[in-house]
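Chain naming follows the written order as A, B, C and D, and within any one chain the residues start at number 1.
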Amino acid sequence: MGNNSNAAMRPETQFEIRDLDLFYDKFQALHHVDMDILKNRVTALIGPSGCGKSTFIRTLNRMNDLIPIVKITGSVKFDGTDIFGRDCDVIALRKKVGMVFQKPNPFPKTVYENIVYGPRIHGEKNKRKLDELVEMSLKQVALWDEVKDRLHKPALGLSGGQQQRLCIARCLAVEPEVILMDEPTSALDPVATLKIEELMSSLRERYTIVIVTHNMQQAGRISDFTSFFLNGEVIETDHTDAIFSNPSNSKTEEYITGRFG
Amino acid sequence: MKASISEKRGRRSIRETAIERILFLAGITATISVALITIFIFGSGIPALLDSGFVNFLVGTNWSPANGSYGTLPLTAGTMAVTLTALVLGIPTGIACAVFLSEILHRKAARVFKFAIELLAGIPSVVYGFFGLIVVVPAVRTYILPLVRLWDPDAHTTGLSILSGAIILAVMILPTIVSLSENAISSVPAEYREASLALGANKRQTITGVLIPAARSGILASIILGMGRAIGETMAILLITGNVAVLPKSLLDPVATLTGTIAMEMSYASASHQQALFAVGIILFIIIMLLNAVAQGVSKRMGVNQ
Amino acid sequence: MKKRSIKLTVAALTLSLIAMGAAACTPSDTSDEGDSAETVDTPEPTTVVIAGSTSVQPLSEMLAETYMGDHPEVSIEVQGGGSGQGIKSIEEGLADFGALSRELKSEEEAVAAEQFVIAKDGIAVIVNSDSDVSDITVDQLLKIYTGEITNWSEVGGSDAKINVVTREEGSGTRDAFGELTGVVGKDENGDTVDNTVESAIVQGSTGAVIQTVSTTPDSIGFASLGAVDSSVKSLKVEGVEASNETVLSGEYKISRPFLYICGSDPAEQARAFVDFIFSSEGQAIVEEAGFIAVK
Amino acid sequence: MIKNRLFYSVVWFLSILTLAVLLMIIGYIMYRGLTQISWEFLSEKPALMGKKGGIFPVIIGTLYVTGVALVIAAPIGIAAAVYFVEYSKEGRLVRIIRTFTEVLAGIPSIIIGLFGFAFFVVFLGFGWSVLSGGLSVSLMILPILIRSTEEALKTVPLSYREGSLSLGASKWETTYKIVLPCCKNGILTGLILSIGRVVGETAVIMLTVGGALKVPMSLFDSTRTMALHMYILAAEGISQERAFATAALLVLIILVINGLANIISARIGGAHGK
């Protein structure tokens, strides 16, 4: 496992997306998306509102299944298995590909119950293990010290930033390989945003992270790769440095320099 | 060591499918029930319809089962007369209460008032029936009849009449009309209200000129639902309309209704009479279905409006 | 706690679905056995079911109460529904006895293998208590109920329109009253016709008739003698006061039988119950209930 | 302005009139019935068909029929609502099913009664019994339960479902562990209103439960509910006093039930803020 974090080696591909088209009924939201998302790297998706980046990230763990009018063609392979294939178990997929949403969405339960919800569903019954898992997950998101005395209080009583970190901890407790983050800081104040960004840096070692963000500085600060979306198409994908310093497509440059969007 | 995502159908997914099937079964229970009800009511009533001839059954004016004569026009007319009179009394009152609740009363008082109105919905209909028989029927005879005699000196009533039935029915359908209309009026967007007031309209003009028209689909839906309740009401009406199966000439005449006739005669009915009562049930059923269709149409239009 | 309640809900859901399933399967079972079964397939073999006339119901209840006190092994279930229901329940095999508050009609005789007159009931002719009429003849009743007489002055009262109150069609009380007064007669083809005046107010029960007559001036109605109270005035018919004695002696003309009918030979327990009714103890209860003993 | 004055007087007059009618009905029943209610009335067996004694078996019968109706209708109603809101996809079949569910709500009780008699009592051979009555009445309350549960389900934010699904929970796990617990109050309100409906129903009960005046020992026994008892007492002229006493008790129960439903639905607002 350790060798994956070695930057010298060419990392494995986690997601292999080929010719992905997505329709909301008749409206085509994604056009021929081709992309490789690498293991144990942070990939940022940027682009103006409505460009399809949220739609895209929700495709990766099939959250779009919730919307009945969505139709998808093309292929998305996770670890080599087509996630739209017949033999794909969407539950196993989502267990491995966790997600953090734009607005913090803790369940109306206690802090503790929020964290153990996932593991319990996946069959963990041992009380001591669950306790350990709660502590570990909360420590990973640096929330443990803040909430250890109120584990059995409602999670909705936490502040927005704490709630979002709780949601990340909840996601980690299931031990995923990938974390999808859909504008995780857009509903938070700058201090809370900073904390989440620090958290992401600490997580990048062990997880593949895909993040949608409106904030280009954020993309620049935290990601290894950046992909620019426009009108449902991927304009270009490259190392973050390259995208920001020397974009090959003029539209990317226009967006990055703030000419539109 | 690495669980793949391509696990084949596990126990969990079998469980999921099973649960979905069960939920679907629950979902169609109501539909199956309606189908069964339709089959049993029609199955039991059709022979009588064929026997008397469909047209005769519908428009015949003589309901006299003992003499083998089954004309249901007086019953349908009775039901309609009582229902429409109840609506005439109930609609203005209901809308007035709805306006009062949503626009005039303070929130706390409104909650108490609303609670009171809902209580009206909870009182068993038998209780209404006896209240009607003991209080409303004599009141119609003692207070309304002298008034009517000023115009028509020959007027006569025992009090058991369309009017008495309608008064009680109006009270019974009030909760439906009030609570749904109130919802409709309160859900008119605040901007409409503000725009109207900003144009210099006063509160009364805003209510009658903007709020009620904007809420009209909701109010209409509440009226249709109330009408359904009125048509279907049995135990209360049975006691106060006199059950005379003759086409009524005035509001003070007694009438028999579809529901009352079924409830009253069912227990004693002989075979052919019983079939006829099921056939009366068919008529009632069709009227309710038509009303339902209208309600669906209205709610569809409501969807378009908003 | 929350979790438990949800679990319970789910358990209940499953159970009820199973129950529905079971329910859906039953008809084939019952129809297989139902044809040959003489009595209803109630789970308790010692249950005797009596269904029918609501006029007979109070009496049946009282008889059953006393009988079950002495015979704890027997359970007697008394249900209402009306005389027609009494016939129907025998046809459908829903009850051991059908109770009727009128004579069997000729077309119904096929249903009843045996009938027992357990009591008699006088039908009182009642008027509003403000009425100044206190005596009436059968012929006047006929004319009032067929609409020939419409004013109280024609029968010795003050000048006021008569408000006629009757029972619903099929009611045992109405049938009995109609036949005894001639309101129900035969036409030229020999078919039965009920000539009750169209404008008569119809009420569906004894109580409703009494209530209506008691609150409506100038009204006339009829009701079971046992149920008539002081809120209304009961008329003499042909000069005879309605009472148990006059009914039993036959002086008072308007009365009807309370019948039990059964579809085949009654089961042992059912037979024992009928025997009890005809015992002196049973007939004492009949009188206590306000009806007229037959033995 | 005369128009204003007129408008407000009419609105005030009609509203006060409505309130007055309500108070009159309740007041009258209480006045005639409340004084008759005593411990003996509640706990003793009736004698002479209810002319004397209490209404204990009737209370038990009411509870029994209500219980059976709820046990049948509640799980089906909740499950149906879950199906409609969480599982069904828009389509012709689902539209038809939903329409028929609405239709069931509009079917008059006398027709449900006729059906209950023809189907449960005669065709399925359950006889006049608690079971026949419970099944028939459950048809009446099913739409109430479905609607109130649906309304409650719709107020649960989509983000809860997304959160749960994204953790690898299945649809059912999400529904059962996250969504339904949020709907407790809404479902409870529906249940309470349904109880009110069953307790107050007469026509259906009369045609399907029979009306035996005794404590039912099994599902197949006939019994009587309070509303039917009240009707029989008054209609058969057995005892006006007892009829009013039963009516007063019924109204009291309805009062308590509506009060409870109100308190619970008032709490729903603050249950999960958005």
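Here, a residue touches a chain if its C-beta (ideal position, glycine included) is under 8 Å from a C-beta of that chain, and two chains touch if they have at least 3 such contacts.
Quick caveat, the model's predicted, so the values are computed rather than measured.
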Which chains contact both subunit B and subunit C? D
What chain lies closest to the overall centre, CA atoms only? D
Based on the averaged CA atom positions, which chain is farthest from subunit C? A
Let me have the rounded angstrom distance from the C-alpha centre of subunit B over to the C-alpha centre of subunit D, please. 17
If you average the CA atoms of subunit A and of subunit B, how many Å lie between those two points? 54
Hey, how far is the Cα centre of subunit A from the one of subunit D, in Å? 48
Centroid distance [mean C-alpha coordinates] between subunit D and subunit C, Å: 31
Pull out every residue in subunit C that's touching 2 or more other chains. 13-14, 17, 20, 54, 80-81, 204, 208, 211
Touching two or more other chains, which residues of subunit D qualify? 75-76, 78-79, 123, 170, 181, 206, 234
Which positions in subunit A are in touch with at least two other chains? 91-93, 96
Give the list of subunit B residues in touch with subunit D in this complex. 12-13, 15-16, 19-20, 22-24, 26-31, 33-37, 40-41, 44, 92-93, 96-97, 99-101, 104, 113, 115-120, 122-128, 130-131, 135, 171, 174, 178, 202, 204, 207-208, 225, 228, 231-235, 259, 262-263, 266, 277-278, 281, 284-285, 288-289, 291-292, 295-296
Interface residues, subunit A side, partner subunit D - complex: 61, 63, 66, 68, 91-96, 98-99, 101, 103, 105-108, 117-118, 121-122, 156, 167, 170-171, 174, 180
Can you name the residues of subunit D that touch subunit A in the complex? 89-90, 157-170, 173, 177-178, 181-182, 271-273
Please output the residues of subunit D touching subunit C within their complex, sorted ascending. 47-49, 71-72, 74-76, 78-79, 121-125, 127-128, 135, 176, 180-181, 184, 206, 210-214, 217-218, 220-222, 232-238
Going by the contact rule set out above, which residues of subunit D touch subunit B in the complex? 1, 3-4, 7-8, 10-15, 17-19, 21-22, 24-26, 28-29, 75-80, 82-84, 87-88, 96-97, 99-104, 106-115, 118-119, 123, 139, 142-143, 146, 170-172, 196, 199-203, 206-207, 227, 230-231, 234, 243, 247, 250-251, 254-255, 257-259, 262
